[in-house]
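Below, each structure is written out as structure tokens.
Each of the two complexes below includes chain A, the first together with chain B, the second together with chain C.
Presenting the complex of A and B:
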């Protein structure tokens, strides 16, 4: 599908990369909005101009985010920051688009991590479809691989799904330096946020695993009500982070040919995230901010895909792949 | 001759102990003790040599077989047979070795300990199978919460042996958590049970368990 009219909500790293790259994929951005301003043009927004205007502090344009949502588009790209609980305002944006029979591509994890059944219920009554490859593992095609294999034939998905935590653990193991030291380094490099809790406490990886687990149970659900019964949530997940992990723990693991990674596991029954021992040179021991997933499937056995789990362009590529699938 | 002296000493001690233990049956006990052949050996009860078997899996490296046999010799075991076929491999690429030996039961544990201390994997000892080995790292205030007590609880409840413990040098700063690596050997199919015991014990003491990912 090319020549798609995109309305992009959210102008952070992912939203602005989608706006930048859309033209290369043959699409037009007809609206680009952040939380307070928007640029809307049915003939295509000059995204470069809008983003540089935003960088200068003037906002994206004279329109409002509501104008962006009301404009005529084919696909809504929801790239506002992930929020928990009711997942607003992202969920509301998605609902509006589906009510108008438009497609939705999510980069925002909130709606599918917290309200998976609600999303599917709205989708049933809409001509629009919701895709969300970018919500799990950035550039890595995890959900589409699960769909290709057939979610009913996938037993488990596990992997390293948070680049910040992986950067910290792999640096600690390589340099034998303390957690706090590596975290400060990661913050200097822009790999970790000023408040890294979401990443180092395992919440981010857990949300991704909840999405995956819900995708797996969906394959067995008869209808939306059944799906609602089966879906899991962040509250039900067993989550342990890596905050304050002593470098000694990594050294002891290394003496044994092992290392520690923050591993998330999603099955139909449970979501579990925590520091785990993995073989030092094994598949899951990726280093730096790299992510990796292993998909355990009935007939294909184990598949592993590794790549960039975050970053504007990498995540935007997953968004634009989803747009391409909406034909 | 020194040997005679020793024997006499043993006999005397034996009688004395039994006297203390049971004065009522003094006459009988003394008679029994004199008849008891065990008193003429140096091992006391349980010292009759028996045949034991050990199944090992050795890495394919020079000196491994010697390392496995050394503890047998050191503990006075009498080697009966060694079945070692280099062509035979386990799925993990190790070489299965079966050792049959003769020694008093009390010595057998020391031999097993010696073999394990040499870093070798005992798969089975006298048909009691320790098929599964699992490694965990515990993190937290290990010393404050009593590491030996923690290990004891794991031993008692996990139906697993703690084959090896490595503790990181405790920091001068007591606020900092320390770490310990445990090798647990569980009977075949009991790894999950062993791990859940470790989890429960750790939970009680507010320790973090870094578990292996399945199949490690």
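Presenting the complex of A and C:
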């Protein structure tokens, strides 16, 4: 499938990177939308011009987001912000695409973290397929590796899945400075948001682990109803963040050759996220904003994969790999 | 593609593991052959019985390897020993399958290390596809990750690709003992072969890097003739092994916070394998028989993947993932 026509919803870091890079992968962006404006062109949107116009405050183009959703595309890239609960408007965008028998690639975690069975139920009646590698671990090919191994032969996935929290913990350990100080530094560097709750309280890592747990239980589900009973949720997860972690916790760990990482774990039975003691030079002790996952599988043993867990281009790369897999 | 019919050529560690595990993946083994005997059954070979009969010295069955190759299958699994030069008989098995428009999954490195362009030339005229994840890094999904990223966007792949050499180096560093002593221990444990040349002289790692380099240059090749000009070979690789490495080289490295690993690197321009100084706690300093690769790509940045680089089940897992990808 070369010359795939993409409709990209969301023009933040990921959506705009997808729009920027699509041409290099041989694809055409026929629509690019943010929450209020859109550029639509069946012959290919001039994404550079549209994004530059948006940066100037004039919006992406004269079309509306509804026009973008209604245009003729092969794959819908859903890269609007993750929302919880009913996961709207992302879920609605996905539903519209599947009803039109189009493929969907998600960067937005909401639909698969909060409404996994609903997504699969719509997919059953559609010629379209939903892929969502970019929702877990940025550039790291976690879900495709789980699929290649066979999800039924994967017992657990664990790892460091939030770069902001990992940056804070790495810096606290390296510099022996207080949480608040490092957090302010991370905010100055753009590594942490003004409201860092989603990252430092473990919610972001937990959503990723919920998606992974749902992917594992799906392998054993007889049908969509059975899947609905087996899926888990953020509410059911045990989540503890790193907010206010005392600096002496890291010093005590270091005396023992260990350090602290915010580790998430997904199995068929549980999702747990929390600060854990790990060997200072062990696999899970990645530094800075890097992420890592360990995949435990029956015949392949343990695979560990590390890489960029966030960032526009890294996450766009995962989106575009999914687009490639749909060929 | 469920109920795929597999013809498995080769009944060593990998071939017999593929035969053992195929049923669990929903596939039927319709033929299983070693170099002189075979079991063939269109309704599915009793692989446990055939392998047990072989262990008793009575051969796999009453059929011949030619019968196995002539039976009706969907995917040929080529797991006979790697041979250099003309890569026979593996290459001939592959050619026969492609001429019959059948898929081929290689565990045998010979055809893609020594005759990459010949393999692709036959593939062009066939409805069959050739996959070879198991030829590089055992259970580690290296080639599929390169494909998902887009091989044209991968600049280099480097890593520790021989578990035997890595076991020897890890033990030498941990115990400060001489090369010959550790090698003898590795032979006792079955980690090194009686003739360890292939592993400790770097040939095995170099063949894997040649396959990777060929995969990278292929992304830029206009056609098979162009590919033939660009492919590289073991003869063109710079290869240095670890045989006779003095124990004090490891001690000197350790004083400086470093250690020695047999590192292979594949780019579009060169293949190099040799003992390298790496940070003692760095990504490449995996222990024991574990392998690791770092994949450098344009938009996804650096991905590192570690896992079991050898062993029957681990390598069979890569073979069966390839079979799954052919669906």
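The rule is short, and it goes like this: the second predicted complex is superposed on the first by the 327 of 327 C-alpha atoms of A that agree within 3 Å, B and C clash if a C-alpha of one lies under 4 Å from a C-alpha of the other, contacts with A are read in each partner's own complex, and residues count from 1 in each chain.
We take it that contacts are C-beta pairs under 8 Å (C-beta built on N, C-alpha and C of every residue); 3 or more make two chains touch, one makes a residue touch a chain.
Given the structure is predicted, the values throughout are model-derived calculations rather than measurements.
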_Looking at the superposed three-chain arrangement on chain A, would you call chain B and chain C a clash or a fit?_
fit
_Touched partner set for A:308, first chain B, second chain C, both or neither_ = second
_Between chain B and chain C, whom does A:21 touch in the aligned arrangement: first, second, both, or neither?_
second
*Taking the superposition as given, does A:248 touch the first partner, chain B, the second, chain C, both, or neither?*
first
_Once chain A of both complexes is superposed, is A:63 in touch with chain B (first), chain C (second), both, or neither?_
neither
*Thinking of the overlay built on chain A, is A:273 touched by chain B (first), by chain C (second), by both, or by neither?*
neither
_Which of chain B and chain C A:325 touches, first, second, both or neither_ = second
*asked:* Touch test for A:256: chain B only (first), chain C only (second), both, or neither?
replied: first
*asked:* Could you work out the angle between chain B and chain C as seen from chain A, using CA centres and rounding to the nearest 10 degrees?
replied: 80
*In the three-chain superposition, say which chain, chain B or chain C, touches more residues of chain A.*
C
*Determine the nearest approach in Å between the Cα atoms of chain B and those of chain C after overlaying the two structures.*
9
_Identify the residues of chain A that lie in both the chain B contact region and the chain C contact region._
none
*Considering the complex alone, what residue numbers of chain B touch chain A?*
135-137, 139, 166, 168-169, 171, 176-181, 208, 210-213, 216
*Touching chain B in the complex: which residues of chain A?*
158, 240, 244-246, 248-249, 251-253, 255-256, 258, 260, 263, 274-279, 282, 284
_Quick check on the complex: what are the chain C residues that touch chain A?_
17, 21, 24-25, 139-141, 144-145, 148-150, 153, 281, 283, 297, 299-308, 313-314, 316-318, 320-321, 324-325
